[in-house]
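What follows is a set of structures for review.
Both complexes shown next keep subunit A, but they swap its partner, so subunit B is in the first and subunit C is in the second.
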Partner chain A sequence: MGALIELDDVTRAYDTGTARAALTNLRLQIEEGDFAAVMGPSGSGKSTLLNLVAGLDRPTSGRVVVDGCEVGRMSESALARFRRRRVGFVFQFFNLLPSLTVLENILLPAQLAWSRPAAAAARARELLERLGIQEVAARYPARLSGGQQQRVAIARALINTPRVLLADEPTGALDSSAGAEVMRLLQDLHGEGQTVVLVTHDAKLATRHARRVISLLDGRLLDDTRLAVTTADPQDLVRVTGREVAG
Partner chain B sequence: MRALLTKALADLRRRRLQSAVVLVIVFLASGTATLALTLMAQNSSPYDRAFQTQHGAHLIVWFDATLVTRQQAAATGSLVGASAVGGPWSQSNITYGLGTAKQSTNLLARDDPGGPVSQLRVVAGRWASGPGEIVLTRSFADAYGLRVGDTVRDVALAARPRLRVVGEVVDIDEGTAELTSQTSWVTEDAFPRLAMATGLAYQVEYRFPGTPDAAELSRAIDRLKASLPPTAVTGSLTYLTVRTVFGITNAILTNVLLAFSVFALGASAAIVVNLIAGIVLAGYREIGIMKAVGYTPAQVVAVLDLEMLAPAAAGALLGVAGGTLLSQPLLEQSAHALGLPPEVSYSPVLDLAALAAILALVAVAATLPALRAGRLHPVRAIAVGAAPAASGGLWLRRVLGGRAPRPLAFGLGEAFARPLRGTLTVLAVLLGVATVTFAVGSHASLDRSLASFTHAGRAQVQVTRQPAYPDESVTATLDAQPETARVVGIDGTTVTVSGLADPVTTFGYRGDSSSLGFFIISGRWFQGPNEAVAPRALLRDAHLAIGDTFLASNAGRSVRVRIVGETYDIRNLGHTLHVDWSTYEQLQPDPAPTTYFVTLGPGADAAAYARRVAATEPDFLDVQLTNAQTFTPVQIIDAVTLTLAVVLALIAAAGVFNTVLLTTREQARDTAILKALGMTPAQVLTMVLASAGALAGLGGLLGAPAGVAVYHVLTALLQDATGNDVPPQTLDVFTPLQLVAVPVAGLVVAMAAAALPGQWSARTSVVQVLHAE
Partner chain C sequence: MSLRFAILGLIAEEPLHGYEVKSRFERMLGGTWEVNIGQVYTTLQRLERDGLIEASGQRGDRNKLAYRTTPAGRDAFAEWLAQPDDEPQQLREGIYLKLLLATRHGNGLLGGLLARQRAVYLQRLHDLGVLEDRATREGRADLALLLRGAILHVEADLKWVDGCLEEGRAGASADQEARE
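Up next, the complex of A and B:
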C-alpha cells in the first residue's frame, strides 16, 4: 500500500524560549491500513507529531502530507474541512462537549460537514451499536464513565468515516480495564481496515495492539519498528521486523 | 494592603482590554452626568449674577401714553411698594431694514444707561449722545450681524431716517433675540423724530425688596390697574419670565441629559456586573489559590473591586472634567448674552460629589458579583477550576439543533447560556437603541414643532410689511402673482383676558388659517366669530377650559370669546390667543395684517416668487422662504440629543464587545474542540456573531418601544417647560421604517463590536488551547 501520511524533513519549533524544537527534521511515512503507535517520554514530540498530522498545527519547515493534502500549505478553512473529512481525532481527556448529549456529540462533525441528516443518523446509530454505547445515546457526557466517554469520542471521530484515526493517549485518563477495552476497540477497527495512529507512552499497550512502533526522543526519530503478531497469542508474542534508525 | 494592590495591578495588566472598556464607558457616562448636573446647578447662575449687578427690574409695566401722563406713571412706584423705580421712558417701535429682511424692536428714549433700576451694561461702543445715534442689545446685534459703527435705517417711517449704531448693551430685563422681542435706545431729544404716530407708551421698571414671587407681582399689577384709567396698563413682564426664557434651552437640555445620564450609568453598571461575574466564573482556580495562600473573602472581593475601580476612577476623572468643560460653552452662551465676562462656571463640590457617586456605583456593581468569589470554598474552587458549564441555552440549542446549521444553533444557545450575562447585555443594547430611537423622534418632533410656527410645508413664502406700506398694496401684489394659491394674513396685538393680570399677545388671522398647520391638542381650530384657541399655559392661568367663555378687552373694546380648542404655541411660554379676523376686528381698531403666509400652486418656484414679490417694494416688504428658517435652541437640543445617542450606542457596543469577549474566552476549550472536529474559522465567527446578534436583536426589539415610551415621557416634560401640552402630531413621529431601522442598526453595531473577539476566537490555535487545558 502507498503512504497515507508522509512527513518529509519536518521541524516544528515553538517560541517558548528553549533552544530545542518539538520536532526536528523528522522523516516518516505511514501506510494506509497501518496501526502505528508513536511512543516516547514526555516532551519527545509525539503529540506535536499527531497535531501536525491532524492539521491542528503546521510545521515550521518541511512537508506534512496526509491523503495527498499538504497540511502546511492549506488555509485555515481548508484545514477545517480536511479535519472534518479525512481525520478523526480521539483526545486523552475525551473533549466531549458537556452541553450536548452523546448522540449530539457524535453527530457534530457530520453536521459541520453538512452531511445528509438521515445518513448521519444512520451512521451514528451504527457506531453506537458497534461501540456498545447505544443505551447511553441520550445521556450527557458528565453521566458516563471514562471508558464510555472515550467510546463516544471514538464514535465521534469515526462519524465521517475518516481516512485516518488519530488517538492521543486515549487510555491516559482511564483505568486499566477501560483502557484495555478502548485499545481492543482500536485494534478491531484496524482489523476492519481503519488506519490508526496512536500516541502513547505505555510500551506494553503499544506493542500489544499496534503493528508498528515509532519511538521519538527529544523531537527526533529514535526507532521505527514493525511488529508481527503470532497466531498463537496475538496479545503477548511479537516478532521484530522493523529496522533501527540511528538517533 | 500590599497583597491586594499587587494582585489587582497584576490583573489590570493582564486584563488591559477589559480595563479599557471600563474606562471608556465610565468616561462617557460620567461625562454625560456631569454635564447634566453642571447645567442644572449653574443654569440660573449667570442670570442671577447679572440681575444683581445690573439692578434688574422685578416688574416692567407699559402704560398707554394717551391715558396716563409721565408724572402719573412716575408716581406708580409708591402705589406698588417698589423700593426703586426706573423710568418712565417713552416707548415706541422701530423697524430696521436689514438687507432684504426687516426686524422690529421696541424703541426707548433714555439719556443714561445707569440709574437705580435696570442698569444697562455697555459691552461695546458707548451710550447714545444725540440725534442720529442708536444703541442695540448685544443679542440683537449678534443675531443680525450688526456692529458698532454700522448704519441702520428705520424703514417704518416715510423719511427712513438713518441711525448710526454707537453701542451694544446687555439688558437684564429682556430675553435673547432668538426668543423675545428686543429694545433699542435713543436719547430723549432724538425720540420724537423716530416715534410712531400711534401706540406710544411709557415704560416703567420696578424693583421690590427681596425676591417677589409671581403672586406678589400679580397683585402689584392689579393695584396699578385699579388706580389708573381702564386699559391704561397695556403690558407687563416679570423677571421670572425673563429668567425662564434665558435658561429655557439649558433647562430643556438638563431634562434630556439627566434622563440619559441615568441610562448611561445604568448601562455602565450592567457592564461592570457582567465583567466581574465573568472573571469570577472563569477564575475559580485562581480565586481558590488566592484563598489558599491567605486572602480573606473580603480581600478577594476587594481585589476584584480594585480591578474595576482603578479604570473607573480614571474614566470618571476624565469624564467629570470633560462634562464640566463641555458645559462651559452652553453656560457661556447665557453669560455672553448677559454681557458677563467669560467665566468658568462650575462647582468643585458638585464635581467631587459626581465623582464619588459614580465610583460608588461602580463599587456596588463590582461587589455584588464579587461576593460569589468571596464565598467560594478554596479546595472546591481549585479542584473545579472554573464555574460549571453554562446550561441556560440548552433548550434553544436543542430546539434549533435539528433545524439550523450547527454554528448558528451553538451561537444562539450560547447567547442565553448565562442568563444574567445575557440579560445585562440585552439591557445595554436596549438602552442604546432606546436612546437612538429617542434622538430620531426628538429630531422629527422638533422639526414638526418648528414647522408649526414657520408653516413650512403648508405655506412656502412669508411676507412681512412695514406699517407705511398698506395692506391693500401687499394683497394686490400677492393676488397678481399667478402662483399664489392661498394667502393668510396675520396681525397681533395685546388683549386683556379676564382673570389674567398680564395682557395676552393675540393673533388674528385673515383667510383660511386652519390650512397653516397649527397643532390642535384638543377641541378644534376656530371656525367663526367669537371663537378662540390658546395653548395650555394661558388656559391654565386663566382657569379656562374648552367651551368656557371669557371677556377679551383691548383699546376700550370688549368681546366675549369662547375657547373652542387648545393649540400649541411656545411664544411667551404658552401665553397667546388665536382668533379669526372678525373677532380680531372687534378687538383692534382698523386692523390690517402685517404678516402674510402664501401657499403657492403646484410646481411653483418659491425662491423666484419671493424675489419677485420683494422687488415690488424693497424697503417695505420682507419676503422669506418658510423652510429657510432655523432656530438656534432647536439646533442645540438636536446636537446634544444626537451626541447622547452616539454615547449610549458606544456604551452598548462596548457592552456587547465585553460580553462576547467573556464568552469566547470562557468557551475557548469548546471552540477548540469544535475546530478540531472541523469547524471552519468562518463557522466560528458565525457562531460568535449569532450569539451577539441574538442578544442585540432582543435588545433592539425591546429598545425601540422603550425609546418610544421614553420619548413620550420626555416630550411631555419638555413641552411642559414651554407652557404647552404635547401635540399628538409630535408624538406620532416614528415611521415604521425608522422603528425597524434603528433596532437593525443596533444589531449591526453589536455584531460589528462582536466581530473582533469573534475573529480572535476563530484564529486561536486549537493546540494551544487544548494544551493549556
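Up next, the complex of A and C:
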C-alpha cells in the first residue's frame, strides 16, 4: 500500500535570488493512520511543508502527492475541491468567523463543498458531541474559551471527513492545560483512525501524543524519529545522585 | 551529605529501623536512587554518634533496632531543609565530551551525532511523559514532581542540541560565503 502523503524530492523556493529555499530536496512519506509532529526552529520549513500538503502552495520542483492527487499539477478549481474534501486545517489562532455561531462555523466547509444539508447537519451533531461542545453550538466564538474555540476549529476541519487533519501550532495560543487537552483530543482522533500531521515547537507535547517526530532544519530533513511505546520504570530513565558518604 | 539528611528526615516522621529506612527512601524516589544497606547502617551509626538520632527502644521487624530523632536531630534536619542547594551544575553525559572532542577533531561527524542524540532525547521525553501521567494517575504527586524535573532537564538538553545544530549551520554557511 502506498503512503497517504508522499513528498518526492520536493524543493520550494520563494525567491530565485540569494535567499535559501524554504524546503530543499525533501523526501518524506506519511502513512494512513499516522500521527506525525513536525518540529524545527522558525524558518526551518515546517509551515511550508504543511501548506504544500494542504494544497495551499505548490512545490517549485519535485512531487507532492496526497491521497493519490499530485498537488503541483492540479488546476486551481481542482485544488480548491481537493482542499475542501481531502484535508482539514486547524490554525494557531482558530480562524473562526466571528459573525457565525459555532454550528454555522462548523457547517460552513460542508456548504462550500455542496454536501447534502441533512448529512452535513448529522455529521455536525456527531462532531459537536464527540468534541464535547454541543452546549455551545448556538454561541458566537467570542464567548468561548481558547480551548473551546480550538475544539470548534477541529470540528470544522473534520466536517467533510478529510483524509488528513493538518494542524499548525494548534496549542500555540492556549495555556498549558487547554493545550494538553487539545493534544489529547488529537491523540484520541488518531486512535479512531484519523491521520494527523501537526506543526509544533513544544517537544513535550509532541513526544507525549504523536507517534512520530519529523525534525526540519533549514528546509532539510534533520531527523525522523518513530517513538517506541514504552513500558519503562522511573529507575530505567532517571538517576538521582548525591554524595552518599556521610561525614 | 544529602543521604544523611534524607535518612534523618524519614526517621523524624516516625521511628524506623535500617531496612525500613532503605525501602522508604527508595520508594519515595520511585527507585531512581538505590542505596546499599551497608551505607544506611553506616549513616545511622554516624547520626547516632553525632547525637542526632537514638535507639527508640522499640524492636521492629525481625527484632531490628529502630531509631528516633533527638531534639538536636530535628533542629539539624529543619536547618538542612531550609537551605537552598548550591552545588555546581552537573553535566555528566558523555555527549558533552563527545561534542567537545568532535569539535576539536573537526571530522564532519558532529551533525549526525547531534541528530541521533536528538532522537534519543525525544524518545526519553516521551517515556518520561508517560511515567509522569502514570505517577499522577496513581496519586504519586511527589514522584510526578521528580519526573517533571527530569522532563525539564531533557527539554533543556534538546534545546542545547538544537542550539549546537543551529550554530553549526551558521558556521557552515559562513564558511560557504567565505569561499564564494
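Keep in mind that, in the parts below, the second predicted complex is superposed on the first by the 225 of 247 C-alpha atoms of A that agree within 3 Å, B and C clash if a C-alpha of one lies under 4 Å from a C-alpha of the other, contacts with A are read in each partner's own complex, and residues count from 1 in each chain.
The definition used in the following text is that a contact is a pair of C-beta atoms (placed from the backbone, for glycine too) under 8 Å apart; a residue touches a chain by one contact, two chains touch by 3 or more.
These figures come from a predicted structure and were not determined experimentally.
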**Report entry** Which of subunit B and subunit C A:Glu76 touches, first, second, both or neither
**Finding:** first
**Report entry** Contacts of A:Arg85 with subunit B and subunit C, given as first, second, both or neither
**Finding:** first
Query - First (subunit B), second (subunit C), both or neither touched by A:Leu112 - result: first
Query raised in the report: Touching A:Val53, do we find subunit B (first), subunit C (second), both, or neither?
Result: neither
Report task. Determine, under the contact definition given at the top, whether A:Leu127 touches first (subunit B), second (subunit C), both, or neither. Result -> neither
Query raised in the report: So, A:Lys204: does it touch subunit B (first), subunit C (second), both, or neither?
Result: second
Requested in this report: Considering only touches as defined above, state whether A:Ile30 meets subunit B (first), subunit C (second), both or neither.
Outcome: neither
Query raised in the report: Now for A:Asp218: first (subunit B), second (subunit C), both, or neither, which partner does it touch?
Result: second
Requested in this report: Could you say whether A:Ser99 touches subunit B, subunit C, both of them, or neither, answering first, second, both or neither?
Outcome: first
Report summary line: Intersected contact list for subunit A, partners subunit B and subunit C none
Report task. Can you check the complex and tell me which residues of subunit A touch subunit C? Result -> 41, 203-204, 206-208, 213, 215, 217-218, 222-223, 225, 227-228, 230, 232-235, 237-247
Query raised in the report: Which residues of subunit C touch subunit A in the complex?
Result: 1-4, 29-35, 39, 42-43, 46-47, 90, 115-116, 118-119, 122-131, 133, 135, 143, 146-147, 150-151, 155, 158, 162, 165-166, 169
Report task. Within their complex, state which residues of subunit B touch subunit A. Result -> 389-391, 394, 397, 401-402, 405-407, 413, 417, 669-670, 673-683, 762-763, 765-767, 770-771, 773
Query raised in the report: For subunit A, which residues count as touching subunit B in their complex?
Result: 47, 51, 54, 56-57, 76-77, 80-81, 83-85, 89, 91, 93, 95-100, 104, 108-109, 111-113, 117, 156, 160
